[in-house]
Every structure is written in C-alpha cells, then in structure tokens.
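Next come two complexes, and both contain chain A; in the first it sits with chain B, in the second with chain C.
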Partner chain A sequence: MRGLRTTALTVAAVLLIASLAGSLFARFDYIRQDRQHVAAGPSAAHWLGTDDLGRDRLARLLHGTRVSLLLAPAAAALSMLLALVFGAAPGFCGRFPERAAKTAIDLFLSVPWLFLLLMVRAMLPLNTSPAASVTITFLVLGILGWAAPARILLARAQSLRQSDFILLARSTGISHRQLVCRHVIPNLRPVLVAQFWISVPVFVLAEANLSILGLGVAEPMPSLGSMLRELESVLSFRGDLCRFAALVMLIVIVSSLQIVADQPEVY
Partner chain B sequence: MWTAILRRLVLAVMTVVAGGLISAMLVRYAPGFGTDERQLDARLSSDSIQAIRNSNAEERNVAGYFAGRAYRLLHGDLGTSRSLNRPVRQLLTERVGVTCSLAGKGLVSAWIAAALLVFAAWIAPTPALRVFTGVCSGMLLCLPAGVLALLAIVVNGPAYVCIALIVFPKVHRYLGNLVAASSTMPHIITARAKGISAPRVFFWHVVPVIRREVLALAGVSTSLAIGAAIPVEALCGIPGVGQLAWQSALARDLPLLINVSMLVVAFVVLANSGADLLAGERSQPA
Partner chain C sequence: MRRTIAVASLLVAAFLTSALCLDELTFYVRSEPKTFNPALVSDDASETVRYLTGGVLLRLNRGTQSLEPELATAWKVSPDGRTITFTLRKGVYFSDGTPFTALDVTYTMEQLMNPALHSPTGDAFRSGAGKVSTAVLAPDKVSITFPAPVAGLDKLFDQVAIVSSQSPKRELAVLGPYYMSDYKPGSYVYLQKNPYYWKHDAAGRQLPHIDALKLEIQANRDIELMKFTRNEIQLINTMDADNFDRLARSSPEKVRDVGPSLDSEQVWFNQTANAPIPAYKLEWFKSRNFRRAISSAINREDLCKVVYDGHAQPALGPVSPANRFWFNAHLKPLRLDQNAAVQLLQQDGFQLSGSKLRDRAGHLVEFSIVTNAGNRSRERMATMIQQDLRSIGITVNIVTLDFPSLIQRISETFNYESALLGFVNVELDPNEQMNVWLSSSDEHQWNPRQKTPGTEWEAEIDRLMRAQASAMDDPTRKRYFDRVQEIVADQLPFIYLVNKDALVGVSPLLEGVKPVVLRPQTYWNIERLSFAAERPGNAR
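Presenting the complex of A and B:
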C-alpha cells in the first residue's frame, strides 16, 4: 500500500512539474490561435491537435493541469483552516460551543454541496477577468468545503478534550496555549493531513463540474473542466481521440490523489 | 417512538427553514447580488433600468424578506419566479416527479449493482473480482457528474444511469468495507468454521450486523443522488428540480432559489431522518 501511495504521489508530482515546465517551454501559448489548423488532429506542430478555435490542445492541457494542481491544494488548505476554526476549536472548548458548531455543520451538510457551489458561484460577478474567475472558483470551493472536514475534526477534538493525557496535562498547570500547541495540534495533525488529501481530488472534480456547467473558469483561461466541454462535440469529430486528453488527465490526477488520500488508519 | 418521530419532524422543519435562510443569505451577500443583465440592454431607457434596479429592492433586507416569504409559505403561497414568470408552486409541482423518478431509478440501480457485487465477492472472493470491482469503482470515483452526463448524451443512454454511476462507487466501497469488517467478528468466523454455507452466513449473520450502517448509507446516498441530479438534468435537458436549480442560479432568481433550496434540503433531511428512525427502531430490543 505504501509503495502504491508513493507511486501515486510521484505521478502527481511529475504531472505538476510537467505542467509547470511545459508552460514555460511550450511552442504555443494556450491562448494563441492557429487559424490554419482548426480542430486539427495530432501533428508535429501540435502534438495533441488543436481545439475548435485552433488553440494548441497540449498547451491548454498543461496550463489546465497547472491550475488544478496548484489551486485545488490551496483551496483545500483554506478549507482545513476554516474546519480547524469552526470544527476543532469549538470541539475542544466545551459542550455549548461544540453543540453550536455541530448544528451549524449539520445545517451546511444538509444542503447538497454542488447545489451550494452552483448558487454562490452564479451569484458572483460574471464580468470578471479569466484570472479572477479562476481565483473566485477555487476560493468558493475553499470557503464552502469546510463542513465535512470540520465534522471529523470536531469529533476528534471532542475525544481529545475528554482524554486522560489532556486531563493529566491540565492538572500539571500547563497554560492553555502550551496545551494547544504541544498536545492538541500534534494530535489533530494526522486527521487534518488526511482530510486535506481527501479534499484536493474532491475540489478538482468540483471545479470540473462547475466548468462543465459554464460556471467555472472563464475563457480563454483553460482548466481541466472547461476542456471537458469538448466532449460535447465528440460525435461530430469521430476518430479524434485527443478530445479525450483532458478526461484522461483528470482521471490520472484524481486517481493519484485518491490513492494518496487513502489512509484508513487515520480517519 | 412517537416522541422520537415528532422530535425528528420538528428538527427537520427547523433544518429546512434554516437551509432556506442560509441560501438566501449566501445569495444576498454575494458580490454580484442585484446585478441584472437587462441593465446592459442599450434599448432600455434610464427609467426602465432604474425600475429593474428597484425591482429587487425588497430583497436587500434578507431577514425581512425571508420572514415575509416564510409567512406567505405558511399560507401556501410560494411566490412567482422572476425569470420564468410563473408561480413557483406550479414549477415545482411539474418537476418534482421527474427528479424523484430520475434519482429513484438511479439509486435503486446503484444499490442493486453494489449489493450484487459485494455479495458476489463474499461468495467467491477471487482476486480477479476484487481487482475488477476496485478498478471500476475507482475509475467512476474519478469522473465528475458532468462528464457522465455528457457521455450519456454522446451514447444516447438513459440519464438515470449517470446517477447510478455516481452513487454506485461510494455505496459499493462503503458496503464492501462494512462486510469486510464484519467478516472478522468472532460469531461470523465461528459460523463459517461450523460449515454453514456462505449465503446463509451473509443473510443471517452479516446483514443483521451491518443493518444500521446500511440504513444510514441509504440516507446519505439520497443526498448524493439529488446533488448529482443537478448537472445531469442541466446537461441532458431533463425538466426536473435540478435543472430548475441551475436555471434559477444562473438567472439570480431569489424567490425560486429559496424555494428550490428548501425543497432540496427537505428531501435530504427527510431521507436521513427516515433512515435514522428505521435504524433506531430496528435496533430496539423486542
């Protein structure tokens, strides 16, 4: 299992490096149109062909991968921070804050996540620049994705509060700050790390869903989700398997991240 | 038992109201609130544009607006959709059946497939079957609902299969883990050691042990199916509540959005409460 996890992590790292390096050394910019070769198949100039607007698919794929692999972890980190504040902190503080937090979390979890995302994303200004739309999309993911990890962190913090070693530490007269820094956070860290790795592929998939529905990253900025919209016209371009490149990349990225996240001993 | 049902009902109603309020607040305080694409129409006079701006003035005070909505809701008035210009009650009545049918068929298909595969793995635990089911559910977990909907359009397949394919891997994985965990229990090991047939051990010893968790999973899977119905209905052009949710979000139609979110929350809460009640009732000693 450890070997598989290392392999998955290596694959994700290689893809990230390739997307960073590829964007630096690509022969074409993801935005540049080659009007002589619109919706063309693979060639020496365009290894994965071009899309319906004549843009190099490889350059767009690498840029989309970079967006997903850099911003999904950032959104997950934001989510973990919110989960720590709204889940772990009330769980450790006492019964009343814990109950209030549990009610708030249950309320958030009762609304299907995709519906919530769709609602909030649609309400944000639509006349934003492509770069701002990327940031907004992942920011919304990070802000709304805190509830599920918070539920788990709350339970963990609650059990920590009632544990013997915390009681023992308190009886020695340790300050609250030292208790949190020396005993609580190190014990919450494995759960936090596991939840982080679980959230990353979830956010990649959520961005893909939003972009397919037209509410994700704005054109001409590519993302894996917006590139998946090419599948709509796959029937009229029989034989052009390169249209599936974004789908294959998404499957590789998400499955790698899911293998990395698969740590049953932690959650 | 009746007290438990009543308590659950009160809690469900409170959750539904709070869900609607959360939706209204998220919409109200979003930076794009109040913008309307009609304001960019050069053919409209400044008075018309001002009238459009004033049309959602009552929605600015979210607490007052929501309280007014709740009062009217108690009298059976769900309001009128601003974007579709039709009564919300009529829109919801037309579409609830479509979504229930789609999500129901998808859920049943996913549960049958997952249960059959888990049962097959129990009867004949071959590495080939384990690898096959692992790869299938792993692959499906990597596909967003939108892609499955697009593929359903491409192959002209039924839309409920998309819901089934989204729900299946989660149900299969969790059911498989539950069965695997229960197989190490002493009474199940003893039953197998006594030579009782595998199907009999499964139905007489494993199923009663995992019953509560399975019922809880049934509640959670309903939420998954409803969430998945949004992109599937939106992309496949199915006139259900999911498509209505998408349209109301795009049109920033607050009255419709609040009612749709309350309906969606009601579905989820009722499914979870029903599962909890069943699990609690069954677990009580006779």
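Presenting the complex of A and C:
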C-alpha cells in the first residue's frame, strides 16, 4: 500500500511540476489560434496536435492541469474552513448550536447544487477576465461545497464534546482556548485532512461538469473540463486519439488524489 | 367448403404479402408533435405532420420558390389586397372519402380566424380590426375578404391545411398525400398513403409512390446519424458541419450540401437607453463607426472555414442569398480590413495605447459577448472574434449562459453588452421579419420597445417596412425592402456573420429527392419520392 501511495503522490507531484513549467514543454501560447492547422494530428510542432480552433493541445492541457491542480485544492481549503466554522464549531459548542447547524446543513444538502451553481454563475458580472472567471468558478465551488464535510466534522466534534478526556480536561480548569488548541483541533485534524483530499477531486470533476455544460471556465482559458468537450460527440471517438488527452489526465489526477485521500495518515 | 377456405387462404396470403412489401420511409422528428390540429401548429414536429398530411389551396414550390395551384386551380387577389378568390379543383375527396367542397374552405377560415382558438396560422392573416368574411360564389368558387389589405396574401395559404366541415373524423380527415394512421406518444407517428389523394404522375399512376412514412421521435443527433449510416432511416433534414464531414468521408453519396440556408448568425450591441451598462459603453455601441469597425475586424471567411468546415458563407445582410426574390444582390460583401477598422475607431477618438485600445476619455475598450451555453458553433465563433478583436486592441470577454438566463438578459433586464445568436428564418416574405425591424417591437433586439424611433435610420426602416406591408405588388415591396437591407448593411445594428449551408442526408435507396434550402429540405416533394427498384432488404 505504501508503494501505491508513493506512486500516487509522485504522479500528482510530477503533473503539478509539469503543468507549472508548462511553457518549457509547449512551444506555443495556449490561446494562439493557428487557423490553417485546425484539428490537426500530432506533429513535431504540436506534440498532441491542435484543437478545433487550431490551438496547441499540449499547451492547453498543461495550462488546464495547472488551473485544476492549483484552484481545486484552494477551493477545498475554503470549503474545509467553512465546514470548521459551520460544522465543527457548533458541534462542540452545545446542543442548540448543534441542532441549528444540523438543520442548516441538511437544508443546504437538499439544494440541487448543480442548479445552484448555474444560478450563481448566471448572476456573476459579465465583464470578468478569464482568469477571474476561473477563480470565481472555483470560489463558488468552495463556498457551495462545505455542507457534506461540515456534517462529518459536526458529528466528530459532537462525539469529542461528550468524550471522557474532554470532560477530564475541563474539570482541571483548562481555558477554552487551550482546550480547543490542545485537544479538539488535533483530534479533528485526521477527519479534516481526509475530507480535504476527498473534496479536491470532487471539485475538479465539478468544474469539468460545469465546463461540459459550457458554464465553467471562460474562453480562451483552458481547463480539463473545457478540454473534455472535444469528446462531446460519441462519434468523435474515431480517429484522433489525442482528443482523449484531457480525459486521461483527469483520470490520472483524480485517481492519484483518491489514493492519497484514502490514506490521509501519510501526512 | 374447401374451395372457400382455399380462396380465403389465398386472400390472406396476398394481404400479408402486400403488407410485408409496403414501401416505408423512416426519418426522425426532433420532438413530440404538440398538436395534430393544423390550425394550432406552432412547433416543427407538428408542422412536419401538417406538411405531409394537409391539403392546401396553394403550395409554395420549395424548388422554384414560386406559388403553384393545388386544391385551387386558379386564384385572384383583388387590387386593394383585401379579397382573394379561389377556383377549386373538382372531384377531390378527403382521406375518409368525404367530398371536398367550397364549404370546407369557409369552415377552415372560420376555424383559423376564431379568436377563441388562438391559431398561430390565423395570426398571419390578422391585418386589422374586423371580421373576415367568406362567400361561396359557386360550388367551385369561394372568396375570402379581409378587413384590411394583407401583403403577400396568396403566399400565406401555403400554411393553410383545409379541414373537412362534414367528416366525423374532423381534422384527422385530410387532403394531403398521407393520413395519420397510428401515433405512439414518445415513439413515432405513422402516416399511410391517402387512398383518395388526387395527384397522379405523368404515367397516370396515383401518387404518392411510397406507401407509408414512419416519423420516429428522437432528439439525439448522434443516434440519428448512426441509424442513417445503417440505412435504418433514409433522410436527415438538417445536419451540423461536423457530422456532415464525418459522413462525407465514409459515405459521400449520402450527403448533400445544398448551399446557404435562410438562417443567419449575428452579433449585436445593446443600445437600450435604460440598460444597466456604463454610459460610455452605450456611447460606443451607438456609434456607427464603432459597429462598422467591429464588423471590419471580424474574419468571416475563417468563421466559415473553421467553425463550419466550409459549409457556410459570409453573410451580407438580413436576407440570405437563398431567398432568391427578396435578397438585395447589390449589397457589398463585408470584408476583413483591420486597417479600415482602426481608422474608423480613430475617427471616434479611440487610440491604441500599447496593445490596448482606449476611448477618448481613456477607458479601456473591453466588452462582453453573451451566447447560449452548449452551442459549440457559437462558442467557437465568439472565441475567434475574441482573437480577431484582440489584434485591434479590443478585449472581449465571452460569457456563456443557460438559455433562460440569456433570454432574460436580452429581453427583460437588458443587462448585457453584446450578444451572439442566430435567426432561424422559415418564411421568405419580409413581413415575417416585421417584428424584428419595427422600433416599437419587442424583438427589435438592439433597442426594443421604443415609443418613437431613437434614430433617423430606424424611423426610415419603420416607414419602409410599413410601406412594403401595405403595397400590393411585389416589385414595389421589394424596392422598399431592398432599401431596408441597404440601411441595415450601412448602420449594422446586427453584425451579420455567416449564413449556414443547408446540409442534408439522403439515402441512395431513394429516388426523386431534390434537396432545397427551404423547409422541409428533403421531403418537400414527398409524393414524388420512391424507392429504387433494386435495394437491400434491410432498407425498409
């Protein structure tokens, strides 16, 4: 198992480094349209060929991976912060805040998130640059994705509140701040880390879903999701195998992160 | 007794053999027909059924784009444009055997103009307040009088399927080549040959040649394409460029590019006075020079080549060249000229600062284009326009929205800067575009619902459109509408991009198919289509 984990971590790290140093690999800007070579196959100039607008697929793949690998963890971190505030904190504070938080979380979980995302996306200002648009998309994902981890953190905080060692600590007259810092947060951390690593691939896929609907990252910025649209038609499967590059990359990234998420204690 | 059984067996066998040998043509409609009442048709699928089953007095020949007699052998429009008189064909019967009479024409018009029925077909005839009157002048002659002149009156009868006033089957008794024999909601509509259809071919054989049509309800175009490649369906009326090329590579004999269709794609800027956009942007958008500069900077040839794989033509104006009579052939092509674009912008005080364009007040020239999410062609066009305009220093942000949000922005809140959408034109007559060009109209997209026209050129368009609608002869109407096209090409309230080609799929097993750009592209002459004498068994 340790070997698998190491491999997954290595793959994720290599992909991150490759995407950060993308300009060294790709010879073209990811927005440059070569309209004379549209949907071209692999060549010495374009290693993965070009897309439907003649843009270098490798450059777009590396940039899209960078977008997903940097912003999905950021969104997951935001989500965890919200989950701590609205899940763990009320869970530890007492019965009334706990009940109120449970109700709020249940309400939030019952909302169809995709439609909520579409609604939020439609309400965004029109003149946002592609870079701002991709940041906003992940920010929205982070803001909307807190409820499921919050529920788990709430349950964990609730059990901590009623645990013997917390009662003992309280009976010694420890301050509330010390109690939280020394006993609660260290005991919540494994759940928090696990939820973080579970959320990262979920957000990568959520952005891909939005992009497939044409509502994710704005053109000309690439993302793994927007690149998956090259496979929109089932009949596209014929011929150009490089069209699968984004799908392969997404599978590799999500699988690596899932393997890491299954074993959070490595951290 | 034995002889009786033998004869009965032979008859049954003959019936079964003939049933199994039915020529059956199958194609897809993309949605469930909403109605089978021809007066209430408002959707494509219902229109398909109406076209195939309905008998009309006059039919627009989709090939020649001229009007031809059908159930009426002759017709005459009065000089004041209010009355039309038809001489009816004799010896014609509905699909259930009920005879066709002048009373049926009267009944059909009453149904169409019944205010309680809200007939979309009837709406086209509402020229003014007052009742429509019909008079049976002779058993084969009927006249219809409208309260006010109706421009292009005779052409409107192409949509009027005559219904029987006497048949117990009501609107299911039809005068067209087929009648509906079966309907399975969500699955198919089955049409069979009308045994009483009045038309015959040159050899004297009764039409139509094909015994039955199966209209399967299927929205998925990929499934349609797969079934077509397997010969399970024989016609595809409209195809996108990707699928067309894919099919052209494997089976070139099955696809046909019929040339530019009536449909257009265009960009427009929001010029609504109370739109929630900055005043300086509104000033840009209202400038003719700004709009012309944007138009000159767009590479339409590349849009046609890259987005439509060459199956589109750069658009010239509001009317496609496919509309042979109404198209103004004197319009000049909108050519790519980025130097001219920069000069036009400089005339309005815009200046390049580094690689960015700024207006005379120093504002960065940046705007957004909204289009509907999921439409790959429009998204690609917007991305190409983004790159074209970047080369003259303009930043474009592309915003794809789900369709309801988009419609709300462009029709209700006006919270958008520019939009990229298309017009689907079904009719040839300019009256169909009245709602787009009149400044008071809801559909006057760049600045709708104006109490008085905001500009002189919009006032002139209003005047010309009303003048063409009240003129009775087509050459005069065309003169007026040509001028409208010239004004639009000069002012560019809509920056026309491309006219998509009509791309169709036709099985080589079929004979007599003459695809055209007008709907229904492949089966407009359905009664003359037939299967080739030699064909594989799986084709049926």
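Please note the rule applied: the second predicted complex is superposed on the first by the 253 of 267 C-alpha atoms of A that agree within 3 Å, B and C clash if a C-alpha of one lies under 4 Å from a C-alpha of the other, contacts with A are read in each partner's own complex, and residues count from 1 in each chain.
Keep this in mind: a contact is a pair of C-beta atoms (placed from the backbone, for glycine too) under 8 Å apart; a residue touches a chain by one contact, two chains touch by 3 or more.
Every value quoted in this text rests on a predicted model; they were computed, and no experiment measured them.
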Exercise for the section: Report clash or fit for the pair chain B and chain C bound to chain A in the combined superposed model. Expected result: clash
Exercise for the section: Using the touch definition from the top, say if A:161 reaches chain B (first), chain C (second), both or neither. Expected result: neither
Exercise for the section: Go through the superposed model and pick first if A:228 touches only chain B, second if only chain C, both, or neither. Expected result: first
Practice task
Classify the contacts of A:213 with the two partner chains as first (chain B alone), second (chain C alone), both, or neither.
Solution key: both
Exercise for the section: Identify the partner contact of A:118: answer first if only chain B is touched, second if only chain C is, both if each is, neither if none is. Expected result: both
Exercise for the section: Considering only the touch criterion stated at the top, classify A:31 as touching first (chain B), second (chain C), both, or neither. Expected result: second
Practice task
Decide which partner touches more residues of chain A, taking chain B and chain C as the two options.
Solution key: B
Practice task
Based on the superposed arrangement, let me know which partner A:129 touches: chain B (first), chain C (second), both, or neither?
Solution key: second
Practice task
Report for A:5: first if it touches chain B alone, second if chain C alone, otherwise both or neither.
Solution key: neither
Fill in the blank from the handout: Among 293-301, 311-319, 401-409 or 527-535, chain B is struck only by the chain C stretch 401-409
Practice task
Could you pull out which residues of chain A sit against chain B in one structure and against chain C in the other?
Solution key: 118, 121-122, 126, 213, 215, 229, 232, 234-235
Handout entry: chain A partner contacts - residues on chain B that touch it in the complex
Key = 15, 18-19, 22-23, 26-27, 30-33, 35, 138-139, 141-147, 149-151, 153-154, 223, 226-228, 230-231, 234-235, 245-246, 249-250, 252, 257, 261, 264-265, 268-269, 272
Handout entry: Complex contact set, residues of chain A against chain C
Key = 31, 33, 35, 38, 52-54, 118, 121-122, 126-130, 133, 213-215, 218-220, 229, 232-235, 238
Problem - Residues on chain A engaged by chain B in the complex (per definition of touch) - result: 106-108, 110-116, 118-126, 201, 205-206, 208-209, 212-213, 215, 225, 228-229, 231-232, 234-235, 247, 250-251, 254-255, 258
Exercise for the section: Can you check the complex and tell me which residues of chain C touch chain A? Expected result: 222, 225-226, 242-243, 246, 302, 305-306, 366-368, 370, 373-376, 379-380, 382-384, 386-387, 397-402, 405, 415-417
